[in-house]
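I have placed the structure first, in the form of structure tokens, so that the comments after it can refer back to it.
Going by the order they are written in, the chains are A, B and C; count residues from 1 in each one.
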Amino acid sequence: MNISVLLKQVPDTTAKISISNGKVDEDSVSKWSMSPYDEYALEAGMQLKEATGGNLIAITCGPERTKKMLTDAAAVGADTLVHIPIEGVKDSTHIQKLLAAAVERFDSSVILCGKQAADTNGGSTGPGVAELIGAACVTLVSEVKFSDGKFTTIRPSSSGIEKVMVDGLSVFAFDKGTSELRRPNVRGIMMAKKKPIESISSDDLGVALDSSSLVVNSQSPPPEKPAGQKFEGAEHVGEVVLKLRNEANVI
Amino acid sequence: MRIMAYEALDFYDVDSLLTEEERMVRDMVRDWVDEEVIPKIEIACREGVFPDEWRVALGEMGVLGAPLKGYDCPGLSYTAYGVICRELERGDSGLRSFASVQGSLAMYPIWDFGSEEQKNKYLPKMASGEWIGCFGLTEPDYGSNPGDMITKAEDMGDHYLLNGAKMWITNGTIAELAIVWAKLDGVIRGFIVEKNDPGFSAPEMKGKHSLKASVTSELVFQDCKIPKDRILPGVKGLRGPFSCLNNARYGISWGALGSAQACFDSAKDYAMSRIQFDHPIASYQLVQNKLSWMLREITKGQLLAYHLGQKKDSGDWIPEHISLAKMNNVDIALEIARVARDIHGANGILDEYPIMRHMANLESVKTYEGTHDIHNLILGRYITGIQAFTRGA
Amino acid sequence: MDFTVIAEANGDSLHPTTYQLIGAAASMGSNPTVICPNGTGAEEAAKINGVEKVISVNGDCFNIFDGGAWASSLSSLCGDIILISASPNGREIGSRIAAKKDIPVIQDVTSMTEGITVSRPIYSGKAMESLTITGSAVITLRPNSFEAALAENNAPINVVDQSADVKISIQEAINKASERLDVTEADIIISGGRGMGTIENFSHLEEIADTIGAAVGASRAVVDEWGMPHRMQVGQTGKTVTPSLYIAVGISGAIQHLAGMRSSKYILAINKDSDAPIFGVADYGIVASWEDAIPSLKSALSELQS
């Protein structure tokens, strides 16, 4: 069984984001990490691999620096490492097409990914890839299991959680998983060092990347917070709650 | 989800010189220390225990005996070994002491001086953390002067009989085996003593104000009988223990930096948040002076440790190189801890902050593995050719 | 550009976000078509100002949520610009419709102006991105970011039957009181300190937390002295948290506590001592006792919810 896991490298969620010339300055990012929800997808993929004896394929689209993340995935057990080089930010539609082509090229039996990336916070990739390959998709899952030829998963429901079974090929987009994330160990690291990374270009995948119909105008720091406001007396609570909604937009 | 990832002070990007393998090992240990050690270390320190889960985790990660090759040992570079020590000691010096003793003082002598049978019997179990080892050199009356030790081994034909006592032995009480240095016919030899050997006991030394999350013991030999096959065949004299100590001291030169970095980080964060006279204390010149000094010393120490690691890996080193690094890096780390405590004000005495724990630990680190002054004299002898340890030749 | 709004339901009626989606379309000078999956809320939608027509879609596929099936059913009914709520289901349907139509999807937009120019938070709110859409697109809108339309209309409702293949099935539904979130996971945290008086009084904070889906945190004093579980402790020796909103009740704001929460996006402090250091870091401070403030907070928040 080929278990494809879609991984994205993002600025570490604790890293400071600095803006220059109207764009997020990637060069100033001090630490790049695997997007946190993708880590849960990788862990689930490893558990599926161990349960079924399958082959775990870690796939990423990104510049040269993303190869380190693939090696890190190998250190916890990924078998095949696939790098699709792209330079510059591409919109989600492009990425989805590249990933969909890669997933099909490797004849995937199941595809796992994080529910959304920590940089774009979009969440379009999983369902988008599913659409392009004609597969089902279940999002916000916390685990995936395989038995009797079918995949089952757990996702939230209006009254708690529900166990869902899927017919056929599916993408599973992970929220925080129920399992602890496994650590690499020295043996894994030494083997990962030797693992080759397959580089497949968009041409190899037969994907033509047309220019996007989206124009990024700018990236900017969040709007300045207004100065702290202090109110005397509980009679102001209602007013403050409305400010939390209308000014701060946090509830 | 992985919690706040730690970003180590690395002003001159010394870590960018690490190989990919060394970087991955660093990140593995760093993440583990963040998740499993830092949240629990203050309790471990208060209770004076070394959590057994840490032994298990170090074994699972595969970092014990880092630079040793073969026999299921990691086979990493010396630079990687240094990085491991640094990352562990950012958590606690006692934690790093466990790993130093296990790898450099207990596994290494078996690896370098043991018989093939001994290597196969002990090394794999020690690499996995299943068996803990300790190192018995220091005695109650023989510390800086190990050559005059009085622990004795007698050849009784079908066994050896050991008599004497060792003191200040990290891991002693929890160890399955001890590498004990004793005089056999006046010549220092190494012996593997197992915990159930008759006449052997390892009582814990209590009441420490330093390295509290580490087990420190006495090793007592009262007509302790050990089989003949327990002698380390490959070495005679002080070269045996000193070879081990060189490796441990090398690890400590990196480890001390981890402790210094932890103190620097806490001091900087505290100075940025603590408001007095309406401004953060980080805005006052005397505080900036202290932080700047810490930055300089840590940066110098990093370059020293990294280059030493390269020399260890290429084989182009002498013990005096290690003396310089151990002495310097531990000395500055202790001073940094003290100054960091000062920056924290009264808050610095609480175990809410790691400062005084590091400070107290480093007092031990400055004394063990060759005191500061002994390393000083080792360098003095190197420079002048004249030993100044004792009166007379 | 013609706008289509895909309605979001809440039980048998429309979720308030649907009113916001329609309001947003109207603010762009459009009279949107509203699509109601499973027909839910179709009559209600027809009454909302600005709506040109409602398409009530019938299909077995709407009995459970299979994003692929819903998208399959609804996609062909959509126009050029498709507005959906940025709820989890909305984002999923939006992504699939966009991929099906080979058009971009822009998620979690917080403002929209002529152009069509939209803005959205990225890097978990550490930055904002402004984009201009030059062709067709799916846009999901963050709840409560757009003004809701009023309801004085009477639009026509077309009923269509359009089901699609469902590829998933529910094996087991496990009802459980959702566990309260842990402080490290929650986007909103309400924390109590010594000012709460007794550990029993924390039940008031817990009620509020349950109302708004927040986690409950505690200061060190409360953990050490009253036996609150350590995992709730926020601060130097507890957890470091970065929620969008941190509500500190009866917490003075000692440096050790601040160390754990000062990176919160917004801080609301409620304390009866006007000189409490917490007011130095709070975006919104209310000088009042918890006994006075908490009941008002509870009712104000409940009102917002409905």
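Operating definition for what follows: contacts are C-beta pairs under 8 Å (C-beta built on N, C-alpha and C of every residue); 3 or more make two chains touch, one makes a residue touch a chain.
Just so it is clear, the structure is predicted and the values come from calculations on it, not from any experiment.
Hopping across touching chains, the smallest step count from chain B to chain C is 1.
Counting C-beta pairs in contact, the pair that comes out ahead of the other among A-C and A-B is A-C. A simple rule picks the central chain: find each chain's mean C-alpha point, then take the one closest to the mean of all protein C-alpha atoms, which gives A. Work out the mean CA point of chain B and of chain C, and you get 51 Å between them. Work out the mean CA point of chain A and of chain C, and you get 21 Å between them.
In terms of their C-alpha centroids, the spacing between chain A and chain B amounts to 40 Å.
In chain C, the residues touching two or more other chains are 185, 280. The set of chain B residues touching two or more other chains comprises 1, 4.
Those residues of chain A in touch with two or more other chains are numbered 13, 176. Those residues of chain B that touch chain C in the complex are listed here as 1, 3-4, 42, 269-270, 273-275, 347, 351-353.
For chain C in complex with chain A, the residues that touch the partner chain are 66-68, 71, 88, 91-92, 94-96, 98-100, 102-108, 110, 117, 121-137, 142, 144-145, 167-178, 185, 188, 212, 244-245, 265-266, 268, 274, 279-289, 292-293, 296-297, 300-301, 304.
Taken in their complex, chain C has these residues touching chain B: 184-185, 220, 236-237, 240, 255-256, 258-259, 262, 277, 280. If you check the complex, the residues on chain B that touch chain A are 1-2, 4-5, 7, 20-21, 24-25, 27-28, 31-32, 60-63, 66, 74-76.
Interface of chain A with chain B (complex): residues 12-14, 30-31, 33, 36, 39, 68, 71-72, 75, 176, 181, 183-187, 189-190, 192-193.
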